[in-house]
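Structures incoming, each one as structure tokens.
Two complexes come next, and they have one chain in common, subunit A, joined by subunit B in the first and subunit C in the second.
Let's look at the complex of A and B:
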């Protein structure tokens, strides 16, 4: 108990609270600009944290990232421009709600359930870190291979429309992911001697192109000048969330728990978590047909899941110093600089610091609610702009965003190419989301498959030799084969 | 492209008109923000070094120094961006050991000769680590087992195929009289995933720098067997060098340097070198590197160029023998 009081004493100081507030505003700002990521926000903060005490330094980073990740949902819902691949899982639902004049409710759901997921993850982090980290350490490339396949399968099965169209989209994404030299063999593929292509297809410009530019193109074609707002958005940010919470308690809990667990695996992370949660949500929903048409249920579960995963990523980071994503990688560096060496000893040597970090986590997720409200209100005014004015502005954001990610005009070129591709896919009823996941997870799929094969000297059986791998493998195969068998049986009866 | 043309034309007009004033202008250096290119992603070790340097140089030079991550293509993209910039002192970058490797792989024509190397600011020796569950808890036992078993029995990881730690291991095996590919290399996206995989039982050893395994060593999950350096490392005084462990004189290290495109004006170069030396010697940099577990190593422009040239030759040799160089 005295340790917790000491931790509270470290956090509740005017200077620390001021740092939290300032970095929250900073994170909110960076995250809501498409193309600027939470990782970028963290990296920009690092030089500033050198001059701070350990607790405010960590507080600044924790708060800014939590805000930036939520804020990434804002352009996703309003402009169909998801800030992260994780928010791409539910961008169709959120954007459809915006078009129905329920933008505030969609963003409110993202906000409230992000906060709930984040708090759930933090509680797990406080209570079960050492045990979960042990489990995470058992994951090798065999297990990650199946997990990636599972994530990709989910993307295909949840996409609206026919499974075959989802598969086409996924394959487009996987193909784009093969470009470049960052593959296990280190061989340049489809680069045509171009230095920029060696880096492969960067997913942020591709994602902005596929979702946002295609939407701009569609607006040009449809020539409608009405603003989205129409009769005014009366859905309210917080008004319906209590009802959503009461209607979907299982979904919230399931999303948070699954997200935290997947986030704790250093090779997985928030992207896979959000997609698997969205798929689980659809699979067990009583209103499957509404998914993708502006239904809040998937948004609730996947939103909770992706913030749960962000907290979960800290589990291996604090217990073993293993980064779960690029943000925790930066944080581990900062921890070392501040003399807090991550590892089992940190819980014994500096418990008050670790508890202070936990307190900051909780605080960050709570402060997110009022700040998020302000950000949503401010961003919402954008929707009353007529479309013929709004669309060029969106295009401008797209260009800035895809340039900023790597400071190169090539990003803009990529974005435009993928914009046209996205438009063509939309016109032919091919869902876009699976392509994004294919692009993000393609390199992981290949990496884990090749390294597993090298380790196993080319034997496929190795994918089923380790118990966790065998379980995940059989589960994945079942997901694919059960619908086929059911179809065959139905056909035979007829 | 259009913009570059425009700039080039503008620069030509200006320089033609103010030829006499050039020396005065150079004395005023720097008069606008400087761009610091980091060829690796935000959050990595090179990025951290770049950002510390940027902050320190900014104080010294009195203009903003902005870090720009130009990632991808195994470092080719960022290194090209440094080399292709105007040599006016307004673009500098962190150059890493990959510059001595990628031209052998046939990925680019760029070599260290395309840069004005300003200083070497860090070096980390390679190491040798196994899981604490491994049956081989010292280098001699591990080496004996590697020699006794057929090629491909043991697996190692820690970078991509042909990456720096792969070459460190291949070079060590060659120094011990084995084939460079006697231990199979399992490509990974870096040392951390390699170490995690080793602890999960996926591979047998990781030859990355010991600093990269520090938290797992302290958690008793990883045993550090040896350091590929001349002397034991301050941070790991109990870990013997390869020479102490097996009697073979073998060292391998990665370094980071600050470089600019080739052809800097002399006075600009002198100003930058002085600023970099001051930054290196600052308390902030020294404590930062020690706390992160990074090795401190200083070499001025000339010595740094010699070190980088020597590494270029030796890495080329290992890569050719290991079949990792382009034909």
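Let's look at the complex of A and C:
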């Protein structure tokens, strides 16, 4: 108890609270700009944290990250430009709600259930970190392989339209992920002598191209000068969320728990979590047919999962010093600079600091609600702008966002290529989202597949020898085979 | 969950069909053939990649796996098309392609992005961005007295937010260097 009081004392100081508020606003600003990511917000804060004490330094990063990840949903819902691959899981539903004049309800759901998922993840982080971290560390390349395949399968099956077209999209993404030098033999693959391609296809310009530029191109050919709002959006940010919470309590709990558990796996994170949660939500929903058409249920579950995973990623980071994602990797660096070595000993040597981090997590997720409200209201005004004025400005944001990832115009080239590709995919009813997840998870899939094959000496049976791997593998195979068997039976009966 | 591949409506072969025939432009046979061609291309290219020393796996493995998957999916789509009695590759022209204005607007937009890529490094961000937004607004039928101030204000807001606040090194313009 004295440790917790000491931690509260460290956090509830005017200077720390001011840092939390300022970094929250900063995170919200960066996250809501298409093309800028939570990782970028964190990286930009690092030089400033050099001049801070450990608690405000960590508070700044934790708060900015939580805000930026939620704020990534804003351009996703309003403009079909997801801020993160995780937001891409439910962007079609959120954008469809916007087109129906329910943008505030969509963003309100993203905000409230992100906060709930984040708080759930923090409570797990506070109470069960060591146990979860032990389990997470038991995952080998076999388990990770199946987890990635499961995530990719979910992306194919939850996408609107035909499964075969979802698969085409996935293959496009996986193929794009093979570009570059980051492969088992470390040789350039499909780089055509281009030095910029050695690092592979950057997923942010690709994502901006596939989602946003393709949308701009569609607006250009339709030449619409209407705004999105029609009669005005009066759905309210918080108005329907209590009803959503009462209607979908199981989904909220399931999304938060699944997100936290997947987030705790080093390297897995929010991207896979959001996709699997969205697929689970659709699988067990009584209104499956409404998914992808502006239905809030998947948004509720995947939104909670997304931020649950963000909290979960801190479990291996704090308990073992193993970063769960790029953000926690940066944070571990900052902790070292501050003389705090993450790992089991930090719980013994500096428990008040760890509890202070937990308190900051809770605060960040709570102040997300009022700040998110302000951000949604401010961003919502853009919906009243006619599309023929808005789309050129969005294209400018797309260009600058693609440039900003590596500060090179090659990002804009990638954006253009993927924009045309996304437009053609849209025109042919090929969903875009599986391509994004394929691009993001492709390297992880390849690495774990090759490692597993080498370990198993080419035997596929080894993929089922470990209990968790076998469970994940059988579940993935069932996802693919049950619809195929059902289709074959239906065809045989005809 | 699996699409059953119901027989599509009859359409004229390859890009001869006029607009308004539904959302799907390429039929399964067309996509299947494209996938088979892609699979062969990836398989051939993978022959140039090497394996890890003393291992059966390496840089070639993933492209080969993808080639196999693309081939399987392509053959599946071709087979399904044949079973559905639709054995010719067909493409339907989308509705907007029948409108020269829409097609022109699309080409201008792509040219504007290509122009930004080619010119921003030499001319600088601000003039190229103003030109891009202005022309695109005019293409999208915004009145010039709205488009001109909007393009200037939008460019300056983006430039200040990214270059000043977020320290993104947007290409400088010689005579507008004071903005950075």
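Here is the rule we go by: the second predicted complex is superposed on the first by the 487 of 494 C-alpha atoms of A that agree within 3 Å, B and C clash if a C-alpha of one lies under 4 Å from a C-alpha of the other, contacts with A are read in each partner's own complex, and residues count from 1 in each chain.
Here is the rule we use: contacts are C-beta pairs under 8 Å (C-beta built on N, C-alpha and C of every residue); 3 or more make two chains touch, one makes a residue touch a chain.
The structure displayed is predicted, hence computed values, not measured ones.
With both structures placed on the common chain, the touch criterion links A:454 to subunit B and to subunit C.
Using the contact criterion defined above for the overlaid structures, shared-chain residue A:138 touches subunit B, although it does not reach subunit C.
By the touch criterion stated above, A:330 is placed in contact with subunit B alone, subunit C being left untouched. Applying the stated contact rule after C-alpha superposition, one finds that A:345 touches subunit B and leaves subunit C untouched.
In the superposed model, A:123 makes contact with neither subunit B nor subunit C. When the two complexes are overlaid on their common chain A, residue A:400 makes contact with subunit C while staying clear of subunit B. Shared-chain residue A:220: touches subunit C; no touch with subunit B. Contact with subunit B, but none with subunit C, is seen for A:46 once the two complexes are overlaid on the shared chain. Contacts of A:167 after superposition: subunit C is touched, whereas subunit B is not reached. When the two complexes are laid over each other on chain A, subunit A has residues 184-186, 407, 450, 454 in contact with both subunit B and subunit C. If you check the complex, the residues on subunit B that touch subunit A are 41-45, 47-48, 51-52, 54-55, 68-74, 76-77, 80, 105, 107-108, 152, 155, 157, 160-163, 184-189, 192-193, 195-197, 199-203, 214-216, 218-219, 221, 284, 288, 291-293.
Those residues of subunit A whose C-beta lies close enough to touch subunit B in the complex are 39-40, 42-43, 46-47, 50, 137-142, 180-182, 184-186, 188, 195-196, 198-200, 202, 266-267, 319-323, 326-327, 329-330, 332-333, 336-339, 341-345, 406-408, 447, 450-451, 454-455, 457. Contacts from subunit A toward subunit C in the complex involve residues 30, 33, 36, 44, 157, 162-165, 167-168, 171, 174-175, 178, 183-187, 189-190, 213, 216-217, 219-223, 225, 386, 388-389, 391-393, 395-397, 399-400, 403-404, 407, 409, 412-413, 415-416, 419-420, 427-429, 442, 445-446, 449-450, 453-454, 458, 483-484, 486-487, 490-491. Per the touch definition, subunit C reaches subunit A in the complex via residues 1-4, 23-26, 28, 31, 35, 42, 45, 49-52, 55-59, 61-63, 65-66, 69-70, 73, 76-77, 94, 96, 99, 101-103, 105-106, 109-110, 113-114, 116-117, 120-121, 129, 132-133, 136-137, 139-142, 146-147, 150-151, 154-155, 158, 161-162, 166-170.
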